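Here come two complexes built around subunit A, the first alongside subunit B, the second alongside subunit C.
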Partner chain A sequence: MKFGRRAFLQFAAGAVGGTLLSPMPWRLADDTAIWSQNWSWRPSPERGPITTVPTVCTLCQGGCGIQARLVNGNRAIFLEGNPVHPVNAGGICPLGAAALQYLYAPYRIEQPMKQTRARGEAAGFQPISWSEALDDLVKRLARLKSEGTPGGVACITGSRWNSMDDLWARFFSAYGSPGLFKMPSHSDSLRATAKLALGKDSPLAFALENASYVLSFGAALVEGWGAPARMQAAFMRWQKNGAGKGAAKLVQVESRCSMSAAKADQWVPVVPGTEALLALGIAHVMVKENLYDADFVSRGVLGFEDWTDMQGKVRSGFKKIALSAAYAPDQVAARTGVDAAKIQGLAREFASTANAVAVWGGGQHNVPGNIYHEMSFFALNVLRGNLKSGGLVSLVPDVPFQPADDQTAASAEGGAPQVKLGSVPGTRVPLPGNGIYGFLDILTRGMIPPLEVLFVHDANPAYSLPENKIFKAALDKVGYVVSMSPYMDETAMTADLILPNHAAFEGFEDVVGLPGVPYAYYAVSRPILKPRKDTKHSGDVVLQLSKALGGNVAAALPWASYEEYLKNRVNALAASKRGAVADKKDIDLSRLQSSVSVSPNFKDGTDLWKKLTGGFCWYDVPVDVRSALDTDSGKIELAFRAIQGKGLNVEDDQVYLPHFKPLPPSGDEKEYPLLLLSYGMLSLSCENLANPPFMTKTLWDFVLKKNDLFVEVNPSTAGPLGMSEGSKAVLKTPQGEVAVRVHLSQAARPGAIYMPQGLGHTAYDEYIQGKGVNSNSVVEVQVDPITGMGTVWATRAQLRRA
Partner chain B sequence: MAIDLDRCTGCMACSVACQAENNVSFRADESDKLRSITWLEVYHLQNGKEYPDYQFTYLPRPCMHCDSPHHSPCTFVCPVNATTRDEVSGIVNHIYPRCIGCRYCIVACPYHARDFNWWDPKWPKSMESMLSPEVSTRMRGVVEKCTFCHHRLLKARSKAYLDGIDPNEATYVPACAEACPTKAITFGNLLDPESEVAKLSKDPRAFRILAKLNTEPKVYYLSKHQWVHKLGDNSF
Partner chain C sequence: MKEEKKSASGKGVGGIFFFGGFILALIFGWIVFPNLLFSEKAQPLNFSHVAHQDSTCDQCHSFNPDGTYSGIPRLDNCVECHESPMTSEESERILVEEYIQKQQEIPWKVYAWQPDNVFFSHAPHQAKNIECTQCHRDVSKEAKLPPYSENRLTGYSKSTMKMIDCEKCHAQMGANNNCQVCHK
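And then the complex of A and B:
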């Protein structure tokens, strides 16, 4: 049979028709559709019941109430603010919202590690067991103690607003070493100021929620300023009236148009570093025009009028200094760049508006400031009468943990010759504050014997200590570095032994007080998950070491676990019968008055522990400054009377009073014609936690582009240097040289370079490593001669085309 | 939704919470903003003046869920009905498996609210544990965008039904509004004149971005600065 054209067409039509009638094409189409949706290499999250667990965030010191969403009780998928918590009322900061990325970070350390090769070699880390690691450490510590050289052990910790702070202090007191140092913080300055003026060893606190006029000298208020969520809530309250008319006026004095400046009702641009001069200019106008609280100042302040020093010599008071020609509006205007009329206007407004408060600091790196400048800002609050009972400035209250008969504290002190923790041997500063820089300095220069053991806990000084090469240089004088970081950070990389701590939310933690906050606060953070790695809480490590060391150290730290220790503290807190638990919505802690005490709403320690681990916080009324005052004169002291007995006795009356005295940056002005300043953002983590990927995604492409960091420069500064937007440049300071790119911005003051903090990590993973430049590697630390604390205000710099 | 820019402090908590809630993927380098997937992107606006008269503000931009008659710009162009507007809730949704990756919607959206998956999303192995089972992960070749946390609405409706309440009365808050520490983001029913968000939309400070295009965005912004209102009419 001939297969003709017609037969072929018939067959083809039949085949098409037949196929269409069969289920095959439909099955195929369906399969294709299913196949196209079935991307097996794409993760499919495991399903299960979703539960919510309340706890408290411990990533920073802000004390926010949060709740975690768990799948099947073993997988944390989301963190959100706890709506009943009085600090954040349901809100959360970006770090909190991204916090689970730390828990599940690939750069977490699996188990204890020992460096078997040269320090810093990543390949040299070998896993060891906990018992092996701790045995080795105990041997070293026991040997040093028995040889009578416990001073060979030191610790750098980032903990200051939790009970680890106290635990370390007990350990070091009992062990007999003074070498307990904290990472620098602006609260060191607020503490030093309070110590000087009020005689109290607690940081100053500001009732910002109740202010209706906030004069901020470079304080990074909306960028965090101590307790970020609390500041956001305060800012919300200032904006409350709506319709663009705030309930409070915010005036930001700063050289750069930061977020705080942009959000302020008035931005007062100044020459970098002259904020304190402007404060003194305002004080001048207030004193001259009699705009200060004369009644309060004459009755409660020493050193405003002329005063008599310890030798009976009459010295001029702050009134005379403030009225001197150097602080007259014309003089101040010439140096700060703010019009004389504007200075007068600010002074009058500050003096006449009800509930006006001056705040300062914490913008550039979280470091202490120059004590003369801190006291100048503080003086404005004194003139305004803000330290009266119920005033806007007071102290961060202590949390009453200590029962009257504390045996353990006694044995902690009794063990060794009295040591003052954190003191720097041979120091000559009159009023020593945080001594970390002094200590690292004398260690590097060989003025004290090399350290045998250095613990680094809750800190990453190799990265986040401003002028971080100071830490790196000191490491050469340390025999054995023990890192307690849960993450493979820059400091862990240089360690000899890593004893990984739990990540946040894996163990019991607590929050003791909130920085800058006038009410008393305590919260317990309960774990939301079992530890994911073979880690141990650093508190448990300290307790185990103490137990193994025996003797008075074991007696001073008798608790079986850190959890038990916390329970013990909560029992003591309950026994004090003070404060209450905020277990209802809409409790307004800012309305608390020192004169109206709150009645406890908990039965005993067990009940309080139950409430605290349920995500609620404990609070108590603010401190009454008047009754807390502990100075020799019984008054608020504007004159630094105390320094006279401490080896500083000079003729110049100014030395004893707040005045403008910038610490000169090093380097030749001709070689380094510009000033480098750094800035922080709430959306870029800059201390011991590396920025999580979620937050890195939100960075502007004019802050970070590929791996290049951009510095902000005013076009009028960049133009003559031959630079345009995105130009590659070399930034050189006396501390080092780095490659950057230039972002032209009118937010930048001409003559200054502004660099973001928080980039330039060399450790961690591909999501953070090698991105940008670490500002801590180029800034310079100037040591305050009165307190010995390292300050950072500006670094001389040079910018040239690359 | 109403976003008070005077209250916004640019902390980015909204954007981060959005990413965590919606399993938004991230890559090692996110600095190329044309390739970066961000449902709630934040824009940087400045008044164009010189130091010291310079001012800036941040503007968080979710999907506008445009209310223009019959269609939103994106739903109008979608050839496969992958993106549609639910006329009851007003939410513009996107069904990933239906999407053929033609990206017409990306071109049509004047707000750049849509992003394309140029690569398969990839998480570090350990971070796969923090993916939410409530939102499906996407695949290479599809478009994605803000859903006003639609899954939260579904959850709220289910809960209302189980509680014996009319599901249409169910209320919820998207992750961004919940996270905002200054409560700058208000979410609710614009059609209910008594709702907070409807009142804010009538505020003298209120404006909408690119209102001139008559896309009828359902996101209102509030700012006391006239220059911000003006920039809201520029292209984004």
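And then the complex of A and C:
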């Protein structure tokens, strides 16, 4: 018996038969299939008990109550609105819903980094320890202070509705530098308007929930104007027919049929930039036809009738200006493109409907507007009598934080004498507002003493500052750039040192007041999980720097941690014995009245802190404008008396009053026959946070298709240029040139090009960068000559086939 | 001669080779292969269900208010009694020193661990009064945890229930067998 070839084959045949009758092949096939589902890079969700943590969202200034769902208490998996929160009542915006992507993003910075090569080289960043980084920074700051040039330190921050705002102000005041600047926002304009007309350094607020007629001049109400969730709630309320109450009417004045215009009851398309002219046309009709609140205006307003200036000279009042021929319906109709009869109709409707209010946006972007135009819109509310006690227009109330005997504030004032940027030659403006553009201008032209350290906190100016090349040019003149971004954004890329802040939801934050909202608001955002990276809250960085600097700086900021500082503020708030905590469902804050005070429902600071960190918010009644008024005349001032003696042409009476004065865009009209305007969307984050990929998924393919950005153009404009839907084009403005594609839309006004904001990042990661183009790189900023604030309304542009 | 040779090695004896191969393959496929496929892994420490008979099952294995099932208890449950050792057993020492004092969750190996693409809820099964032992082993008299057999290929436990078992029972009980019932 030999085991030959045949025997082998027979053996093999037997083995095959046996194998087929055993479970092995089937088992192997099945297990291989399962094995192929378990690649190591396949994400596997963590399992464990689910907990819910209530907190407050701090991604924007909207102050929404949210709750986070966590697995094992450390893996956040879901964010949703908190139903027991009066601002959003369970709602959440797309950014909030997608926000966990920030926590787990690949572009997060792991630890402090130092640039070891030339600025901007990604490979040059080397990790360093926190102590090393802070020691180096303290040495620089201590040297500048001891050399008597603390002005060599500046900061650009995006914080304005939280306590970091106050902490930075204390730090810079104590350190002795005037160099604290904020990213531009439309609330700068609302603040400047209130300062001029009411003498109060607080932004204007609008009780929109109680309005039954809203005349909106380009305010992107549905797209997130002011506090987005509050606006959505107000919008919902306008649609509802309450018992015995009709639905509110929304009239949107805007050149493009934006989301707000599309959802409005009436869209009034105007020539871009002539919204204020239309407002003045409406004022003309109201004054001419005696449709204004004459009683309120005659008793409480200075500058409506002719008035006497500081030198005793009689000047024309707003009445005369408004009645001038330039604002007659025919004239206004010719320039705005709105029929004269329609202007009269709007004026009569606005004047006669109960609870009518005028609101306005910041032109393009959430940026300040032209102060004369802001005042023109404001004047409509004055004519309507909306600034009476309990009226629809008031101020964002202050939150009472300051204890009577604040030693630390006194220490902060002990710094070197404050130099206001407005007093630096070349940047003098009569009524300085947010001075960031003035600062960048001086910096670029060479500042003395030179700027040695620039902090950038909670902001990404290299990307999100309109006309961002201004920031990039100024950076070349800065000795040492310190970024405090948690993410590798465009500004962090150009930094010398990165001191990464916690990402949202990893540290204690707060919300101080809500933009455009008349009731007082304060909320604490507690962390939902421990910091995932080796990061430090920027507040803790400021406190540590202060402690190391010693002297009056340390005395002005004596707190051990940012959390302790917030507790201290909450204690002061509790001690004021004002306001209450909204700890029940269905508390309607829009019904609060300045005349009816609320009684506190907290015992002391500890109790208030406990309630606030439980996800509830503190609120108080609105401001009574009449008693808050702080002008020299004791009246609401439509005339800018303070301008006098500030170097303007004081002969012209118009200079003192709201009037139509567009700031001309640069460039030759023949070369650039079109106007470029950018627009915001609720599903596109356009400030210091990159759009999360979840949100980018929701963009229409006529906004972004693969990496191509679409600009909206009217078919009548695109046709003669030889373009059709989807055509590739080159968009050129005096600021730059970008490749785009064309989306034909009747929503666009002929002669204008509309570009979405929030795309075209160059930093972050492969999921963010290279998608579309950044509108900030092609728009142009016009500096308002009165306030020095950078405004953006339109940029001359040409579009040609690529 | 050649033909004779052929027939000698091919006919009578050929069956033996075939049969030998057949039997060997069966032995390999039924006995050796299953032992090769699974590796035995030890649990981090022994848990005696018998020793815990003074407590009820749902003190450790309970439903959460939202309907989810707690499955294996977490360390908090253990700490309630075992903050310090109650006996001198080795497993007790490991529990206290390695996990409770270090506040680290015990990395139990779960015998019934289902893949991520399976959505399983205990709640509807309990509502149908299905006994735990219909799917899980009976632990009422168990003093020592059985060894955990891990499939070398898939990484899942040997006792992880397969889809066919789910489907069979669903069919018998008249429950829905649509894909999206379990695969969300």
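The rule is simple: the second predicted complex is superposed on the first by the 738 of 802 C-alpha atoms of A that agree within 3 Å, B and C clash if a C-alpha of one lies under 4 Å from a C-alpha of the other, contacts with A are read in each partner's own complex, and residues count from 1 in each chain.
Keep in mind that, in the parts below, a residue touches a chain if its C-beta (ideal position, glycine included) is under 8 Å from a C-beta of that chain, and two chains touch if they have at least 3 such contacts.
Quantities reported herein were computed from a predicted structural model and do not represent experimental measurements.
*Asks:* State whether subunit B or subunit C is in contact with more residues of subunit A in the superposed arrangement.
*Replies:* B
*Asks:* Determine, under the contact definition given at the top, whether A:V314 touches first (subunit B), second (subunit C), both, or neither.
*Replies:* It touches nothing on subunit B or subunit C.
*Asks:* Scan A:P45 for contacts with subunit B and subunit C and give back first, second, both or neither.
*Replies:* It touches subunit B and subunit C both.
*Asks:* With both complexes superposed on chain A, which partner does A:A739 reach: first (subunit B), second (subunit C), both or neither?
*Replies:* In the superposed model, A:A739 contacts neither subunit B nor subunit C.
*Asks:* Quick check on the superposed pair: does A:A341 touch subunit B, subunit C, both, or neither? Answer first, second, both or neither.
*Replies:* Touch partners of A:A341: none, neither subunit B nor subunit C.
*Asks:* With both complexes overlaid on chain A, does A:G17 touch subunit B (first), subunit C (second), both or neither?
*Replies:* second
*Asks:* Give one of first, second, both or neither to describe whether A:Q37 is in contact with subunit B, with subunit C, with both, or with none.
*Replies:* The answer is both, since A:Q37 touches subunit B and subunit C.
*Asks:* Is A:V650 in contact with subunit B, with subunit C, with both, or with neither (first, second, both, neither)?
*Replies:* A:V650 contacts neither subunit B nor subunit C.
*Asks:* Touch check for A:A294: first (subunit B), second (subunit C), both, or neither?
*Replies:* neither
*Asks:* In the superposed arrangement, what residues of subunit A touch both subunit B and subunit C?
*Replies:* Residues 37, 44-45, 48, 50, which sit in both footprints.
*Asks:* Touching subunit A in the complex: which residues of subunit C?
*Replies:* Touching subunit A from subunit C are residues 9-10, 13-15, 17-26, 28-30, 33-34, 37, 64, 66, 68, 70, 74, 105, 115-117, 151, 153-156.
*Asks:* Mind listing the subunit B positions that touch subunit A in their complex?
*Replies:* 4, 6-7, 9-13, 15-17, 19-21, 23, 26, 28-33, 36, 38, 42, 44, 46, 49-52, 54-57, 97, 120-121, 123-134, 137-140, 175, 178-184, 203-205, 223-224
*Asks:* Write out the stretch or stretches of subunit A touching subunit C in their complex.
*Replies:* 1-4, 6-8, 10-19, 21-24, 27-28, 31-32, 34-35, 37-38, 44-45, 48-50, 72
*Asks:* What part of subunit A is in contact with subunit B in the complex they form?
*Replies:* Within the complex, subunit A contacts subunit B at residues 33, 36-37, 39, 41-48, 50, 69, 71, 75-81, 88, 90-94, 96-98, 100-101, 103-106, 108, 222-223, 228-229, 232-233, 235-236, 239, 242-244, 257, 259, 262-263, 267, 269, 681-683, 693-701, 704-707, 714, 746-750, 765-767.
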